[in-house]
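There are two complexes below, and they share subunit A, which is joined by subunit B in the first and by subunit C in the second.
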Partner chain A sequence: MSMTYQQFVDYATDLKSHSDFIDDGWSLCQYQCPMNENYIKYLVKKKIQKMNKYSLKSDHSDSHTENNIPVVCEYHILYNPSYSCPDVFFNMWSTDGKLLSLEHVWSLVHYFLKENVERDKWNAITQEIHPFFSTPFFRLHPCKNTHVLEMLGFSSKNNYEFNPLIAWLSTISPLIGLEIHLSYGNKDSKVEFT
Partner chain B sequence: MDNLPETASAISNEDYSKTSVHETLLRFEPLSSCLDPNFWFKVCQLKLEVDKLDEVHRPLIGYYTSNNNPYMSFDCSSFNQEVNDETSLKCIARGYCLNKNTIDSFKTCDKNELLKEFGGRLLDDFQSGRAIEDPSLIPTFDILMYTDLKRYIFYFWFAFPSFSGPKYCLNDTPTLLKNTFSPTQFDLLAVGFKNLKIHQRGFFGIVSTKEGYLTVMTLKEYIDFLKNNTENDSVGYLVFADPSDLLNNPGWPLRNLLYLILFHCPSIRTLVLKVIALRGSPTTKFSASMLFNIKLSSEMVLNQDAIKFVGWEKNSKGMFCPKYVDLSKTMDSTKQAKTSVDLNLKLMKWRIAPDLNLDIVAQSKCLIIGAGTLGCCVARNLMAWGVHNITFIDNGKVSYSNPVRQSLYRHSHCINSNTYKAIAAADVLREIHPEINSTGVVMSIPMPGHAANIDDHKNVDLLSKLIEDNDVIFLLTDSRESRWLPTMLSTLHNKLAITAALGFESYLVLRHGVEVLDVSSGEKKLGCYFCNDVTAPGNSLVDKTLDQQCTVTRPGVSNIAGALAVELFVSYIQLKYNVLANAKCCLGIVPHSIRGFISDFQQIIPFTPSFFQCIACSPTVINDFLNKKEEFLSNVFTNPNYLEDLTGLTSLKNEFENIQIFEMNDSDVEDSGTYSERV
Partner chain C sequence: MANDTEILHYLWNGKLPVCFQLDEQEIHGIQNPEPFYLMVPRMSYFPLVCDKVKKHFVKHVDPEKQEMEMWLEFKNIPLKWNNPIGVLYDLFTIDDKQADLPWQITVHFDNFPEDQILRCSCRESVESNFMSAMKEADMLKHRSQVFSTMQRHQHNQLWTGLLNDKFDQFWSENKKLMEPSDGSYFKHIPVHFYRSGSSVMTQTLVKPVSEDGNHMTLGELIKLNYPSVDNPKIFTHGICIPHETPIQWMSEHMSYLDNFLHLIVI
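This part shows the complex of A and B:
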């Protein structure tokens, strides 16, 4: 169950065009690979979000501590040639430029998490060096991504009514504190301008 | 200047109340600063490599958007003076950064004077018309900072300088631009915006024909247009990219823009100015834009000294105070390494073993006796588990045969035979992970039956002290004799000792030292290395050729045994008291010993009981050492049979001459560093 790079670019372009339509802030960037000078496309979204902080307790009960802390969230969706699937890297930092720890990130995204995801979360996130920027980013391990794509019934041979990249992203988005607008799932009922 | 009336400095209370009855005072939403982590990396680099001790006003670029975000953002590209990305939808602002040399000069400099200085620069840009040519000067900013480059602590205070007066009023309730503009007009607006140069996009003007056709023009063109038009209906629209996220309040950049307009077009101050606050992005044709009808003010302060400035940013608690950020975790490479190592370990805990006690592992002080193949391997595995304190004991130097098997050494350590293993190993650990607290002690372990060494008694005390000061003793020397004293002292101090011994293709890893009692009988349960054999250690090195003592083990054996020794230790300390053989902890069982045979790739975990006549751990020996130390030691070191006689082993041996003895054959034991080299 894998996605080719060309498919990834097509789906990413589609995602970006809907993002433009609803002003969601995704942009399609290019990275020039120093080895062969090829350009590699990837999606980027950077957003300042006011987030509520929940303290993470061992019994997973919420306790409300602080409200509306502005947090800068940066998401990169790359194509992973080894796993032939999308690969998400992200970082969060406070407005003074201080990166948040993984525990802190979880305390912020906790609100979005459903019970079942909550239990599984540590299996998915690691901290790794970003392949383009050589700085540490959090990453959802790509082996999970192929798994999610499989669950969504994706196969590179099929043609789809829906965009599998969007389907995948909306599945994993709660884990990384990303909100995916409902209209991505139902792009036919487009929000009309004026 | 001449054409403006002289007025009092601020609107009096009387005036204020008069206007507020009918009209709403226009309030601006302030900007907040938003810094990217890479901004600070650039700050450090510039301070170290370029500015050094100069306190310069360095020009900087800030970015903001009209997307519901009242922030001005800064990253490493803020230090470039050219912005070439015309496709970017950001607006740019130009300002300065002042990096103070000392925390004192940061704290004591007069903040009011500074703001006056910043504001004076802005006023100069306004009066000279530079801000009209380049509107990115309008939403200006200043950063006052002090950077502690040793500790990666940053004190900073942003100012978005603006004029405290005059006051402006809303002519009516602000409305959505959609109520005024047609979709076609929005299209024209978006296209016009994209055609502007990036530094013109924050502030510009629109002129409309009677038919509703819109012309987008630069701020300079629009101001020239305003100067020639005084009719209220024909002045078009003043447009600015609005970072505000409040429906009825425009963002901070408008505050400076209005001042600039009033200054250059005094004739329009009696009019109601139509101001479009661009909100949204060109891709959605700024569909969330607002229209503000603003009554300008006839009050304008002209006496430069009387102009007051505002604009210091509030901190997160809403106070006018500098901010402070400690970035040592991400910027100090040492701390970064520590954080990453810790994260890896925590992930293991979170994922696999929630009850795993990593702190007790990290806090354990580990003594490694013998810095050879096993010692190097054990040290590396301890480090991988997050252990912070490691001490090596060894008296050997690194030799040419060592580096390929002993993972902490390099060829360079061997040259001139000058480097002691204990010292080299401790140094290399710090090279691998700077957070490690590692020490090397060059010392030979006194051995029974070896002609008395002058330092023996002193070394016994030193070793005893080291064992007492550590939490776990790894006994990794290569001969039975050298294991005797550390075994006895570990038992004496009731410390966990883990012995690893190697054969050509076999290994033994064994825990002892700490007293483990049978709950019912109160007897000592777990044996030491010597409990299993009935021969006291004599000078087994004397009669052997070098070959027999040297490296004749399969290379993998020591790596397996070293790794098992560390895993045994980590499992052991998860439990606290009386850890019986094969007791269960969160990681699995804690065996008493592990024996493995590489020839058939088998491993067993036998339990061996303690032996009451043991020459290393029996109460007879311990008591003799405690009661008459000097005499006991002299006897042990000079008389090869003393220990056997003391424990009654001699008579036992005479009784059972044909007893089968398990013992790791010394001739099979590899050179783990120290002791063979004395031959």
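This part shows the complex of A and C:
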């Protein structure tokens, strides 16, 4: 299981074109590597959204508190050359500009994935240094991404009717408070994925 | 794999004398705290060795700020604790002929630079950071086939070996991660590159073998990645490394404990 950088760029370009179509706010940015001066593409989305904290009751029944706090979110989807897979970095601030704590970010995980994350939170989402900007971002651990892609039956040799990057992103989106519009799932793909 | 154990011991035992001082602006009350001196392992991480430093200074800051997270600064640069101590020292002093030992570090409790350095609320954040670097390194070296088949207690040996400064405990497991998978090479070499004076890290896929099929040397690697740098000097562990050194050998013997080579290019 591995995705090449070129595949990633193709999938990201397709995601971006549908995002433009429904005005979803994703942009395709470029970062120039200071070493070899190559340009590296990645997806970015910034948005303010109201979010709920979810907590598990002691009897493990689902519960969530409707508190609708506005949160400023910034998501970066990068290609990770070590793991040959997509990699998500994100930051969340309250509207006064203060960065949310890691504990707060954990609490925003959707309740149906909550228990899994609680059990192993230090291997799920932690704060790490962004590889392009050298500043702190939250990050979903990349080995989870390879795992998700495997479960989705991704292999670089398969042909796809769907965009694997979108399938992956919509799978992990409840972990990071990201909403993926349903139309990404049934759009007419203009690109042939190979 | 890692056969020159003398070098492994030598690097493991590398230590730096540090003099910690509380930032003048943060001193609360009339009594100035004494500076705090400590010998710290180059291979370790600041949050793992600074409990005593915190205890020494915390009573000298405003009681309202005593619960805040301690952070460290050198010459107005907040120190990224997720880098090994030796890397931080080399990054900011190797250019500077005036850098005297002990290393003078300023301690802060207030105004945490959250846009520059990671929060470190507890030891788990260091452990998680360290173990995920090891996992990534093994992904590069063996497509993760060694690390992911290790048992939990073996992972714990690695972490507690670092934590308690126990060479044998750490290397009893780490030697498995340093075994070349096919023939005498890793698939890729885990390397973090830095330019002296800046904590910006860059990473690229590094192959242990050059185009002509011979082992890649450090000089070739740097020429490939920094074509515009004339006559580069490359440091790690405070040592200037000869250009003809094979990077496969360096990876096995001169990696930091996270299994990455941390190379500083001048």
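Operating definition for what follows: the second predicted complex is superposed on the first by the 160 of 194 C-alpha atoms of A that agree within 3 Å, B and C clash if a C-alpha of one lies under 4 Å from a C-alpha of the other, contacts with A are read in each partner's own complex, and residues count from 1 in each chain.
We take it that a residue touches a chain if its C-beta (ideal position, glycine included) is under 8 Å from a C-beta of that chain, and two chains touch if they have at least 3 such contacts.
Only a predicted model underlies this, so the values are computations on that prediction, with no experimental measurement involved.
Once both complexes are superposed on subunit A, the partners subunit B and subunit C clash.
Shared-chain residue A:Leu102: touches subunit B and subunit C both. In the superposition on chain A, no contact is made by A:Gln6 with either subunit B or subunit C. In the superposed model, A:Ser134 makes contact with subunit C only, not with subunit B. Touch criterion met: A:Tyr83 reaches subunit C, while subunit B stays clear of it.
Contacts of A:Gln30 after superposition on the shared chain: neither subunit B nor subunit C is touched. Residue contacts after overlaying the shared chain place A:Phe21 against subunit B, while subunit C stays out of touching range.
When the two structures are aligned on the shared chain, A:Pro70 is found in touch with subunit B, with no touch to subunit C. Of the two partner chains placed around the shared chain by superposition, neither subunit B nor subunit C is touched by A:Asn186. Within the superposed arrangement, the part of subunit B that overlaps subunit C, taken from 131-139, 329-337 or 509-517, is 329-337. In the three-chain superposition model, subunit A touches both subunit B and subunit C at residues 99, 101-102, 122-123, 126-127, 135-136. Contact residues on subunit A toward subunit B in their complex (touch as defined above): 20-23, 25, 48, 70, 72, 91, 93, 95-99, 101-102, 122-123, 126-127, 135-136, 193-194. Subunit B meets subunit A in the complex at residues 32-40, 67, 69, 71, 156, 178, 183, 186, 280-281, 283-285, 287, 323, 325-327, 329-330, 336, 340, 343, 347, 350-351.
Within the complex formed with subunit A, the residues of subunit C that make contact are 80, 82, 114-119, 121, 124-125, 127-129, 132, 135-136, 139-140, 144, 188, 190, 193, 195, 199-205, 225-227. On the subunit A side of its complex with subunit C, the touching residues are 33-36, 81-83, 99, 101-103, 122-123, 126-129, 131, 134-136, 141-143.
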